[in-house]
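Listed after this line are the structures, all set down as structure tokens.
Okay, so subunit A shows up in both of these, paired with subunit B first and subunit C after.
Up next is the complex of A and B:
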């Protein structure tokens, strides 16, 4: 690993760490902090999903199960046993990883359970976990768990600052691990499994072990991030935790961003969350779902590599358009909030990246020759 | 004993509805390699149309099928046309129809809101009317859905095994190239089957509207159980889907009587997971192979 990478992650972490302080100085509303927390949450979820699905090709609809186990670990430990929150957080990740290992142990030995059967099996597992939690009175029992005031160390700041900072740490850690896996022997082995499992096995890739390891890591981060998210939800209920929203969003984010690169899900998470937040705050929930559904269809049919791969090829064009649209709005005073202006600029960015290659070359090829 | 017998009967009736939805799904999955998640949306959409026609026009809920069945036949044909034109493979079809599923859900929510919709009892004269056989009640809409499920699965079996179009379809699902060389048009056959699946979804939807009432999220509630039915029944096996539907429906209701309703869904999914792990080809796989 090049030394620049950990340094870059640390720098990004330090810069983002002081954002709450800066917000207070510049007198921005607290809303921005909460918004950024949600961005971190989705980055962690999408990246953890992509470690398994993007790298190894085993498509999971079960993200909700691992996330949900994390949420309920925190909820149970904080609420019922009055545990220290910073101790229960890693336990949330470990619990989810254990669930993952159990599933993997049963599933990965069956050669048939690939592709769509694996996808449906993970969906069923999520429903079983939801049913178990709803029926167990010690965990939920169908009534939901109110968290109330959760004690945490003083140095993390007030409640939303604490969420922001822990969310930041978890997101950075997840993305860093996703990066590290991609550039390691494990990652190379997983890519081989995705391309052709039989050949990979023949070439000596320990497929069973690699799949188990990556499933455990992926589940750990899904659970860890879920464990923190329990504090954000505060009133934990089965219906909202095991909603279709979690698997839907991580799938969409990773497919939009691209599954072959560790930055793909990050880009997808930032864009999708920002857009859907703006749509719901404008009371256009209806439009939001339609756009998300259509985007999913368009991406699957026409841009299977994801927009990150295209961004690498047309960086100047796309980022230039993004900056231009943003600057015009800010200077022209169009729109009220900075986030809405960014969201509009993101739409321009997506449009620039969805442009088919042929058309792009015809229109702009003479300026930016790929 | 009386309670148990009644649970058995309700289970069979519920199971026939599971089977009816599952047949369309299992046919397109097994024969066309299209995993159609939006099949559930079609059923719920049809249920809403049944609701709308009977409440605003006062149509008999059974007669609404004259409208919804041809309509959703066309929807199925259009979907298959789309999938054919864009060369969507099995796995992509799961994601594309998932996108369609989300779009349709939000359209339904926009049009009919998130409220629970139920056909008023004066327009739905059969609801709550039962035929009594000894101590057991056979509610008429449920009985009708049971008969419809038997008709649908028999009709499907007849079409697939006794007609030219059905034989062409089976040849196609075994080997597309060879079937093509013998003059089978894969596009037309596929659209026919997909249209049939859409029509079945409309029939199931009419019964859902009559018996249960509808919300926009109902599609996601039917999804897991029906997938369990499809996998238990074995792909492209219409009678398998019907039988597996009965099995799941009966287990569901009997568990509710013995334990409680919360346990019922648990038992269903445990059956699904065991089936996937132990018999991924379906419970009736061996009999078909022989």
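Up next is the complex of A and C:
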């Protein structure tokens, strides 16, 4: 890996680290910190899911289980055992990884149907874990876990700032690992497995080992991010932790952004979370579901490679349109908050990227570079 | 290993699927530096033998050894690590990758265990050897059948194979492509790679091979120098029917 890459990630991290301070100085609403925390959360979840499913082709419906195990590891350690919150985070990741490895052992050595078995097993495990947790008084027992005020090191700032900063670190780590895997032998081996596992084996790829490794890493970050999220949720309950939202949204975000590249889930997470949040706040929940559902259908049928691949080809057009729509709103005073204006600009960006190639070429025939 | 010593030895290799004996006690060997042709009518067990040698299937009985190793029923990736690689009748490239990336997988996980960067370099070299240098960055979906066959070959060579198992690599090609392919195969052989070539196109396999092995219904029915073998009545009978053989 070129040294520029870790430096770039570190720089991005440092710049984002001071945003809470900047917000206070410029007197922006705290809402933005919480909003960004959620963006980081979804980036971590979608990226961790994609490094398994997108890279190896083994479809996981179990993100909820790994995330949930992370949430409850932290909740239990902090509430029932008075544990240190920060220490509980890597343990949350570890627990999730162990669960994942268990599933891997059961399925990955099968000859036939391993893809199908894996998908079904991840779905089943999510349901089983939820049921077990709901019935174990030592963990939840159906009562929920109230976390309340959790002590943490002062240098992290106030509550929202602490969540923001830890969320930032976890998201950065997850994305960096996704990048590193993509550019490593592990990544190339996984892509080969995704395309044709039998041939990959024949060429010497250690398929069982590679699948277990990426499964463990993916689950670790799902659990790590979940552990932090326990604090955000604060009153942790089975129904809110183990619902369809997490496993569904990570799939949507990765499909929208693109599953073959580490930036795909990042893009997907930012866009879908922003749109979803803005539609909710404008009390347009139904529009939320219609638009995101339609997006998913369009992506799966017509743009299987995800919008990131198209963004690379139509960068000027798409980003130009995004900028234009945003600037028009800001200068014209249209829209209530900056973030809503950004959401509308995102819709324009998506439209620009979903434009069929045929029409795009007609519009820009004279600048088209095939 | 000197040229002429035994490289691959199959003893009494047997494999059945359900009630069908695909291989019923096959003895076959390939010496270092040889090109051996494996022929036989459809269904005689040629592809099954390739699958068994490369580790995809375990034999029900018999023994296979490669140089000093016993490779009977071992894992495919381990067998590849020893220096055996195979191609597929219908090419199976990694369809989301470019030609270069495909071959790079061979470099990374074969005997040379290259890093990602080294693999990209070495992959270019192997593409040149098989005449695909100009398509290195093309997505494999854009390649013709002929090119995909050679991509398979390049990928197999990249994994450091000393023994190549070619499974009907000339099927479906036009005469010009067949000539080009035969030249390239000879070129690869001259670089020191031993070859077991399964083929239907008689003139090609007779021309390429030093020795022919004829399989019929899972058993070896003839073996020897190409011209002699093709005149063996048992061989004619297998291909054209016992009546034809008897009358001629």
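The definition used in the following text is that the second predicted complex is superposed on the first by the 363 of 370 C-alpha atoms of A that agree within 3 Å, B and C clash if a C-alpha of one lies under 4 Å from a C-alpha of the other, contacts with A are read in each partner's own complex, and residues count from 1 in each chain.
Note that a residue touches a chain if its C-beta (ideal position, glycine included) is under 8 Å from a C-beta of that chain, and two chains touch if they have at least 3 such contacts.
What you see is a predicted model, and the numbers here were worked out from it, not measured in a lab.
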Does subunit B (first) or subunit C (second) touch A:106, or do both, or does neither?
first
Is it subunit B or subunit C that touches the larger share of residues in subunit A?
B
Between subunit B (first) and subunit C (second), which, if any, makes contact with A:333: first, second, both or neither?
neither
Between subunit B and subunit C, whom does A:184 touch in the aligned arrangement: first, second, both, or neither?
second
Thinking of the overlay built on chain A, is A:59 touched by subunit B (first), by subunit C (second), by both, or by neither?
first
Based on the superposed arrangement, let me know which partner A:297 touches: subunit B (first), subunit C (second), both, or neither?
first
Determine, under the contact definition given at the top, whether A:120 touches first (subunit B), second (subunit C), both, or neither.
first
Residue ranges of subunit A in contact with subunit B within the complex:
59, 106-107, 110, 112-113, 115-117, 119-121, 123-125, 127-128, 131-132, 134-135, 142, 244, 248, 251, 255, 285-286, 288-290, 292-297, 300-301
Using the touch definition up top, name the residues of subunit A that touch subunit C in the complex.
183-185, 188-189, 191-192, 194-196, 198-207, 260
Complex interface listing, subunit B residues touching subunit A:
35, 86, 88, 90-92, 94-96, 98-103, 105-107, 109-110, 220, 224, 227-228, 231, 262-263, 265-266, 269-270, 272-273, 276-277, 280
Subunit A touches which residues of subunit C in the complex?
54-56, 75-77, 80-81, 85-86, 88, 92, 94-97, 101, 104-106, 108-110, 115-116, 119, 155, 159
